[in-house]
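First the structure, which I've put down as structure tokens, then a few questions once you've had a look.
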Amino acid sequence: MPERPGEVKMKKIYIQEEYCIGCRLCEIYCQVKHSKSKKIIKAYREELIDVLPRVLVEEIGYNSFAIQCRHCADAPCVAACISGAMQKNKNTGVVTCDEDKCVGCWSCIMVCPYGVIRRDLSGKKIASKCDLCVDEEIPVCVKNCPNEALKFIEKDENEKN
Amino acid sequence: MHNGEISSYGTNKRFVSGFGYECTLSTDTEVIAYLFDLIARKQKIDIRMIHLILASPLWQEIERMPRDNKELVKALRILYGSALINGPFSIIVGNTGFMYALNDRIKLRPLVAARKNDYLFVSSEEASIRKVCPSPDILWHPDGGEPVIGIVNKKVAGKKGDGTRSVKLDDQPVKV
Amino acid sequence: MKKTKMIRKNNTKKNNKLIDYVIIGNSAAGLAAAESIRELDKTGKITVLSEEEHLNYSKPMITYFLTGSVDLKRISFKDREFYRVNNIDIRINTRVKSVDTDKMSLTVEDGSRIGFRKLLIASGGKPIIPRIRAAGAGSGEAVSFNAVDSMNYKKIGGISTLATLRDAIRIKDYLKKNSVKRISILGGGLIGLKAAEAFLDMGIDINIIELADRVLSATFDRQASGIIEEKIKSRGSKIYKNNTIEEVYITKGNISGYRLNDGRKMECRLLVIAVGVIPNTGFIYGGKVKIKRGILVDDRMQTSVKNIYAAGDVAEGLDILLKENKNIAIWPLAVMQGAVAGNNMAGGNKKYSGGFFMNSVEILQIPSISMGLTVIEDKREKDMEVLKDFNPVKHIYKKIVIRNSRIIGVILVGNIERAGIYAGLIRNEIDISSVRENISRENFGIIHLPADYKKHLVVGEGIEV
Amino acid sequence: MALKLNQSEFIIERDENKCISCQVCVRQCSNDVHEYDSEGDMIYSDSLKCVGCHRCESLCPTGALKIKERKSQFRTNYNWSASHLRDIYRQADSGGVLLTGMGCDKPYTVYWDRILFNASQVTNPSIDPLREPMEIKTFIGRKPDRLEFKSSRSSKNTGVRLKTKMSPQLELSTPIMFSAMSYGSISLNACRSLAAAASQFGTYYNTGEGGMHKDLYEYAKNTIIQVASGRFGVDADYLNKGSAVEIKIGQGAKPGIGGHLPGEKVTKDISNTRMIPEGTDALSPAPHHDIYSIEDLAQLINALKEATDWSKPVGVKVSAVHNIAPIASGIVRAGADFIAIDGLRGGTGAAPQIIRDNVGIPIELAVASVDERLREEGIRHKASIIAGGSIRSSSDAIKAIALGADAVYIATAALIAMGCHLCQKCYTGKCNWGIATQDPYLTKRLNPEIGTRRLLNLLRSWSLEIKEMLGGAGINAIESLKGNREHLRGIGLNDRELEVLGIKHAGEAW
């Protein structure tokens, strides 16, 4: 599976499912973060909010969780990308899609086992995924989770917890 | 004789009144006398331990005491918490048999003691002791909560016959 | 110039004529291998040979170059900096004529010989050119040859494959010079449809000539193909199924038309041949390297000859669904195989966990993804089961093929949301019997997965996968 | 269906140019007040169902919501208040006993707000808790009449050791404990938060009538286990797990009547913990059917001490009623190690509104009169008094201790710290804050990690405030505050109230 312990030591987003209350504020703040204006009311009002959230909440009954890119060590999406747009940064370990290179062939969507890459058809048809809010202190989904179900920590992935 | 105001007066008063003492005088000093009487006479607590009640050591000191002492002081504090005199004071309590001086546990008031042969001097100021006894054998400033106890030694007193009471000074307070 | 000076400096001790790592092929597999070699061996000399004149380019992007959405600069998936940083000696226009597995050396078309300690063959695939009878266009015009085949097709104007960037450039020029309203594509498979996707985007009608009874027959069933065919036809383009080209008419050296095997004659100015690709193994002689359709390799990507590896479209690695080696010519596996090959060539012991067929293609805004074994109508075994969800109006079709409660095949047309979850289920052979009824739902998600595998994906515990 | 006369009690104001129709409020309201209409991409609110819990307002990402009391006025009538009319409408609708949650909300005098605390100026210096030690360690348990000592030759001290065997005490790092809230009336996450906060801070929480859930065994050392008339979850193992046993005779919000946990709230987990069949109503009768006089209580106390091998304090919890003083005296004489007195405004998960609002007396008067009576009978030192119902702030706690309590019980304050907004609808089991509910969709909303942290903060801030006030009055040990009515002064109280409270009026010196 792609989640082999990565060479890169990095903070990742982890979830405690039992505290996700399905409010979807993570999705909302992710949309605002990736909107032009970055202001929640302006973004929703003027950008007709076709900005896709990069985190996805799934819910059945009282079970729910938010899931986003795991920035895998051996990322299948980086392997499958035909244009070189999907790259894992050697030092930060963050997997990002270069919007100028992506041609919208959806190979990454085909291989991502978490299904957390989406088709952004608003502009020029590119893959849209979590970029771990590298320019933020902590990712906005983690910051705005009202129940601290999302955590942004560095965890030794292969130690059995 | 007492110098200072007792912040715990309300609690001390209730404690002694629970044992039948009536606080009628309009001074808080009154409660100290009753406390002393209650603990020493009625509750028969050895005079050398009374300071562990009236000016109980702080919990941080109690935690560091050896097991037996800790158990003892803790029990005293649990039972006689309401007898703890809180607030600044330095008191002298005496009767025909003894003279007892004590400072509040965080020493908000001065207290000096001195000894010359079998005379014991206690005062707020060193100067007043020097006035009466210019060169005492030993002069010391007791710590907060550390009593000065002078017990009149009946045998010795008889010999002198001049009404002066000599003081047996080997009755040290229980050090914990 | 700077690059070569650096190479001579660091291996003076060794016989400097012998190159530590030679890689034939400058594409997905080749460069993935080069990168993973460099990860383990910081100093070994790496030389990549490419028969083409471009820095590097991604074959699946050729059709995007054709439509102009990608230019010559953007088509390369590794920039010049990649070679410099990884100290890779790239030699373009260097076509390998033969490989001598005994002497561990190869000869290039210009006659020069290169010795190597370790060789990776990542030469990819070549287009298949069927022999088609050729004749003058009715007016009895003499035609210098009686058939079109792989040797001479390039000489005829208006006939081309769409396998290399050079093909795309030639077609683009041809279209500029000749106003072509309709292009014929021989072959309705993956490459044919990708070509169709490009031409339709450029507003040019197409004729697709397909031998089978439907397009994308290798991976789509009739219903799935039906959606795509409907859409293509709605744009005025035609699809000739159960058909092929009997004869080609040539006028003044250019194609002018052809006759289908059902007798119909078609006028044609541009014919793109896209019937299929075979592994490019022509230059390997001596029979020591075992080749079936592609070069047979073990789970370290090593061929039957020690120190000679193969990866990508030329190789035949393990297909985890058929449980045997199979040539699966797709980009993601080429990269994975290249990485494994490079790792082992440089002394690592990374294993190739096998792969299965998968493809993503978007035709006229209908995205479609197919994975694994999807066409099983004919060889339906007893423990196989198919779940379908078909909505022709919304052009949405979902087919899941299950064999003893493991997913082995998926077709998604129209809605390809979260397709990779199925890829994960196939790769990890997850038993889905406990959640059978959810598998083919439209909004299928991780929450519908079996508990343990779901736990693994969401919180990282659950099962070790 | 006949017209329902009750109007909605709240108005939901939605600021149109702030609402982004993100539907967080729709998902978060368990009373289905908000509804999303996809055509108009609008959200509509049915204010009749709103209970004023402010959940939607708190989670709305753009602050578009404001909840206000509707207060549509009846004709002014000083006799028939609006709540009287509304109660009759509801009774005419249902014909049942009107239930409510939390504590009495009637405008009876809140004595805490009529009492002022002292501070030292000049004659005795105040003590700065930042620079001087300030001791608020408290002991709850039975005290002997006097102590005996014996000589001991061990070198470390000078010949004196304790001879009397002290009865077991609860050692609290602060004079504040969490009072009884059962697993069943509140969620397991809430219980876990209370338990974890109590153990980390060094104080105690109370299991209430719900028994102890196995997940909370790890906190047993900081648990006071309650034995109520229903004996839910009570067995030898349970008794020996906690650090103290509390016999529940009464609860401030519903003196004299038993408890009722509706069957639907008795999930599988709760039925295991309470050892009752799943889905059955958990009725705790009043009185205990084995306590019909003070002598029976003495027997039960003794039996419980036997069962726990005299290893832990056994106390009694009673609601503050008119004869609380003699009752308390009897309880002390019956051998109780501590008495927990729950005042008129004590909270509850479910109680008849009429009883909650009209039965019992305020805790301030109860503590004052019990402390006075026990002192008069010379038995005040024997047992500890714990005041509860309702302590709303550290100043309430200080005043309670000054009136004579050893420590205070807080529960409503703890719930508020965890998110409760006092909508008083706990009995519906639809608590939007995930506290007074067993619905898994709602209980998830209280992450115990956050709950514990907030409760720890509450304990920490109250303790600091207590130290500040003590220091201000020149006291550096909580023992000197207990029953120290000299440091209290009444304001706006009549002479009888001052007399009952045993405090002088503001302005009078000692």
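Think of it as A, B, C and D in the order they're written, each chain with its own count starting at 1.
Throughout what follows, a residue touches a chain if its C-beta (ideal position, glycine included) is under 8 Å from a C-beta of that chain, and two chains touch if they have at least 3 such contacts.
These numbers come from a predicted model, not from an experiment.
Listing every chain that touches chain A and chain C alike gives an empty result. Chain pairs A-D and B-D differ in how many C-beta pairs are in contact, and the one with more is B-D.
Taking the mean of each chain's C-alpha atoms as its centre, the chain lying closest to the overall protein C-alpha centroid is A.
Put simply, the C-alpha centre of chain C and that of chain D have 71 angstrom between them. The geometric centre of chain B is 99 Å away from that of chain C, both derived from CA atoms. Centre-to-centre, using mean CA coordinates, chain B is 42 Å away from chain D.
Taken as a graph of touching chains, this assembly forms an open line, each chain in contact only with its neighbours along the path. Working note: touching chain pairs come out as A-C, A-D, B-D. Across the interface of their complex, chain D is touched by residues 16, 18-25, 28-29, 40-41, 44-45, 49, 61-62, 144, 146-149 of chain A.
Only residues 32, 58, 60-61, 64, 69-70, 74, 76-79, 331-332, 335-336, 339, 358-360, 362, 367, 369, 371, 416-421, 423-424, 427-428, 445-448, 456-461, 465 of chain C touch chain A when the two sit together in their complex.
Within the complex formed with chain C, the chain A residues making contact are 1, 3, 14-17, 56, 58-60, 63-65, 67, 76-77, 79-84, 100-101, 103-119, 157, 160-161. The part of chain B that touches chain D in the complex is made up of residues 4-15, 17-20, 43-46, 48-49, 56, 58-60, 66, 68-69, 71-72, 75-79, 81-82, 84-88, 106, 108, 172, 174-176.
The touching residues of chain D, counted against chain B in their complex, run 120, 123-125, 127, 132-133, 135, 137, 139, 141, 143-144, 146-147, 149, 152, 154, 156-162, 164, 166, 169, 375, 378, 380-381, 402, 404, 473-477, 479-487, 510.
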